[in-house]
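Note that the chains take the letters A, B, C and D in the order they are written out, and that residue 1 is the start of every chain.
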Amino acid sequence: MAGPCTVENREQTLAIAEGVKNLGLTVFRGGLFKGRTSPYNFKGMGAEGFQIFMEIKKSLGLIIVSEVTASSQIPQMIEYVDILQIGSRNMQNYEFLREVARTGKPILLKRHFSANIEELLLAAEYILLEGNEQVMLCERGIKTFEPMTRNTFDINAIPLLKEITHLPIIADPSHGTGIRSIVNPVGKAALMAGADGLIVEVHNNPDQALCDGFQSITLEMLSELLTETKAICNLLGKKFN
Amino acid sequence: MAGPCTVENREQTLAIAEGVKNLGLTVFRGGLFKGRTSPYNFKGMGAEGFQIFMEIKKSLGLIIVSEVTASSQIPQMIEYVDILQIGSRNMQNYEFLREVARTGKPILLKRHFSANIEELLLAAEYILLEGNEQVMLCERGIKTFEPMTRNTFDINAIPLLKEITHLPIIADPSHGTGIRSIVNPVGKAALMAGADGLIVEVHNNPDQALCDGFQSITLEMLSELLTETKAICNLLGKKFN
Amino acid sequence: MAGPCTVENREQTLAIAEGVKNLGLTVFRGGLFKGRTSPYNFKGMGAEGFQIFMEIKKSLGLIIVSEVTASSQIPQMIEYVDILQIGSRNMQNYEFLREVARTGKPILLKRHFSANIEELLLAAEYILLEGNEQVMLCERGIKTFEPMTRNTFDINAIPLLKEITHLPIIADPSHGTGIRSIVNPVGKAALMAGADGLIVEVHNNPDQALCDGFQSITLEMLSELLTETKAICNLLGKKFN
Amino acid sequence: MAGPCTVENREQTLAIAEGVKNLGLTVFRGGLFKGRTSPYNFKGMGAEGFQIFMEIKKSLGLIIVSEVTASSQIPQMIEYVDILQIGSRNMQNYEFLREVARTGKPILLKRHFSANIEELLLAAEYILLEGNEQVMLCERGIKTFEPMTRNTFDINAIPLLKEITHLPIIADPSHGTGIRSIVNPVGKAALMAGADGLIVEVHNNPDQALCDGFQSITLEMLSELLTETKAICNLLGKKFN
């Protein structure tokens, strides 16, 4: 799964989506509503972006994953988005989890950066109890004392979760590191540790990105990551798709 | 501010409220909707509890503070509750913050246990930007490596916040420690460091409480804490009320 | 206990020692050997400083507490220093703890900034097992995710340690905060929570200090802290000395 | 590098060393002096173990790596041990670092579980400044809030260190996880992220081990890890030895 942190405008988004499609990927990520720590930061283009999603689905046939941040967005999300992402900050917003679960859509549940593994599993339980079993868990780094990286990617969590749960585990090395140059090695490490998939932020011009540019990789870096991912899948006897 | 973690039933709640009133306190806390980490835990009695709040307000004249956990609860909350509490887990649920802010009610904003001080202030900014200036910040402990306590009460945050912001600072030594026997000393320490008020969990029978009993103090302990609080206010030249 | 982080030269040290003495204090702290994170930082004046200690003891009658960082310093330390301080970074250097314990001198054992309470008590146990029972435990802040302060002073640890152990608890609000302006409120909070004493970094010219100037208070601030400390002791029914 | 946490007795040690040799490995690890958090735990067999090391070197031709915990052990260490390990708890014991550096022996410097990456590099700087350039850095997990694992292996540190320093990076997935069943996946992940080598605890009977048995893998598991390591080296175009 790859795409920009945030949908900024039609041109940027279509350019990245085409790049992603050309590399043979099937899932496109892009945020319309961003929960930003500061109210003064860019918060995404909002509902206008749904038309861009529709265009990407029609013209490129990509599957769309996008974050839902409020109950009021759910009706449109159901219509335009294929996989609903619950962001880290909402992992313990249990009433909201239930509501999103009841859409019946596949859910990508991101671990809160201060939630331990048990708390992640219990949050997933809220979704499962609504009868929605299409839950993917996403490890995206935890808050530690280390100042050099944005988060510490919890590699231990991957094999531990594989032991404890049957739910698929997706790794997000973009947020898990916060540093463009180490997204690829940490992504590959996560696959080697047992992750079922990766979600990465990619941008056609990362240094101009309105959000998270420092951790977005270029399409060239994504291409390299894909080649290596295929080699790892091969080594592990896993199927790549 | 004192009261049980959760409203369990009419008898328990009225007994504690009377105890709180008799000690000369004016604000009663009690949760109706609890965001519990596990979906299998007691989650509060829900909307039925509003009638009990009404009874407490009428017969005892207490001010009610209670946590709101979903948009759908807001209409009733406005009617029955005087101070709306935003729980730790919702501190970074920004769309929700805005919605609650627009009620115009005073808000008690609890710091997320993994939020740093700047993130707490930026969350408050979301509320202030809606034109609601009645925000109280609440320090309630942060997640650290220490396993002996539930959280580490961040005493440094109190004088730092007093330097940086004009908003009142409330300390919650119940969640900040998670251990009944040290609620009083940590509460007094917070006052000495400059906190404007305390919010504590109190129960008439803590060992039978359905939620957080291990950190709830008894009415006797509350009485002792009040006597000492008055002495501290006296020492600091502050008015107690 | 008060004094500079590091003994820089004779004039500075005597000036601060006189200031400390004039305020009625009895214990003077000063480092000769500093374990600095970077090998390029000022590491103290070393063994030359012992003569200055001797002068302070003779002329002012102050008790000296100073950190010992290597076995080779022990013989001179025994001669010139009254209380041997084990720094945070050596708290889990167990062979060294034993060696220092065998001097029979009183020991101020600082908690490592990543040690939990149990680990601190077990480190003290290494000293007690050598037959040296004059151990004071020192809480000086722990490492957390909060970037605004150098450490998070663990106020919870004070009443918890008072419950668990009979050893005296000293609080170090200078390292526990890393910010001059909040040393006093956090120091007072620690006393209110049950600490038996404070150790603070004081400097006659903090902004020119070669080490930790940003967290050293002035003699005027120390004077104010002492007045307030006496009032707190009075309130708690404790004797000040 | 593989071997038991602690040398328990001659039979156990020789059996494991033979197993390690038979798998084609060249470096044997084993502790004689253990810095244990509690003074009541098994602390290693001490200097008697040096004869066992001599036997292993003579009969099996293995290179020995072992931890030095006090200045007094240095003379014998130089004689019997090939690579001196500085344990986590001594990483910031700078006087000791210097002393060990002056032996001129290769040094395996373990990151303290609460040290950030910069602090690790500055500790290495203390050794390099003594003119000893044979320093290997070892990532072995950091302390976080996650209770399910002993430490959180900081996978991000591997590629970051590879960018910043030319020193070799060794990964210790045994301490980095604390759980036998995930040592292999995390070890492989570390190699994929760029680690130059692994050090793992192996035991012929882990459940009976006197130290760290829960994180020691069996010789069978080690054999499997080696096969996979060779495949990874092959994929990355690295030479295995």
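By definition in this document, a contact is a pair of C-beta atoms (placed from the backbone, for glycine too) under 8 Å apart; a residue touches a chain by one contact, two chains touch by 3 or more.
Just so we're clear, the structure is a prediction, and the values are computed from it rather than from any experiment.
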| item | value |
| --- | --- |
| Those chains which touch chain D and also touch chain A | B, C |
| From chain B, the most remote chain by mean C-alpha position | D |
| Copies chain A and chain B touch via same or different residues, half shared test | same |
| Chain A and chain B: spacing of chain centres that average the CA atoms, whole Å | 34 |
| Inter-centroid spacing, chain D versus chain B (mean Cα positions, whole Å) | 48 |
| Contacts with 2+ other chains: residues of chain D | 114, 143-145, 147 |
| Residue numbers on chain A that touch chain B, as the complex places them | 33, 35-40, 69-72, 89-90, 92-96, 112-114, 119, 122, 125-126, 129, 143 |
| Residues of chain A defined as touching chain D within the complex | 114, 116-118, 142, 144-149, 152-160, 163, 176-177, 179, 181-182, 185-186, 188-194, 231-232, 235 |
| Touching residues on chain C, where the partner in the complex is chain A | 143-145, 147 |
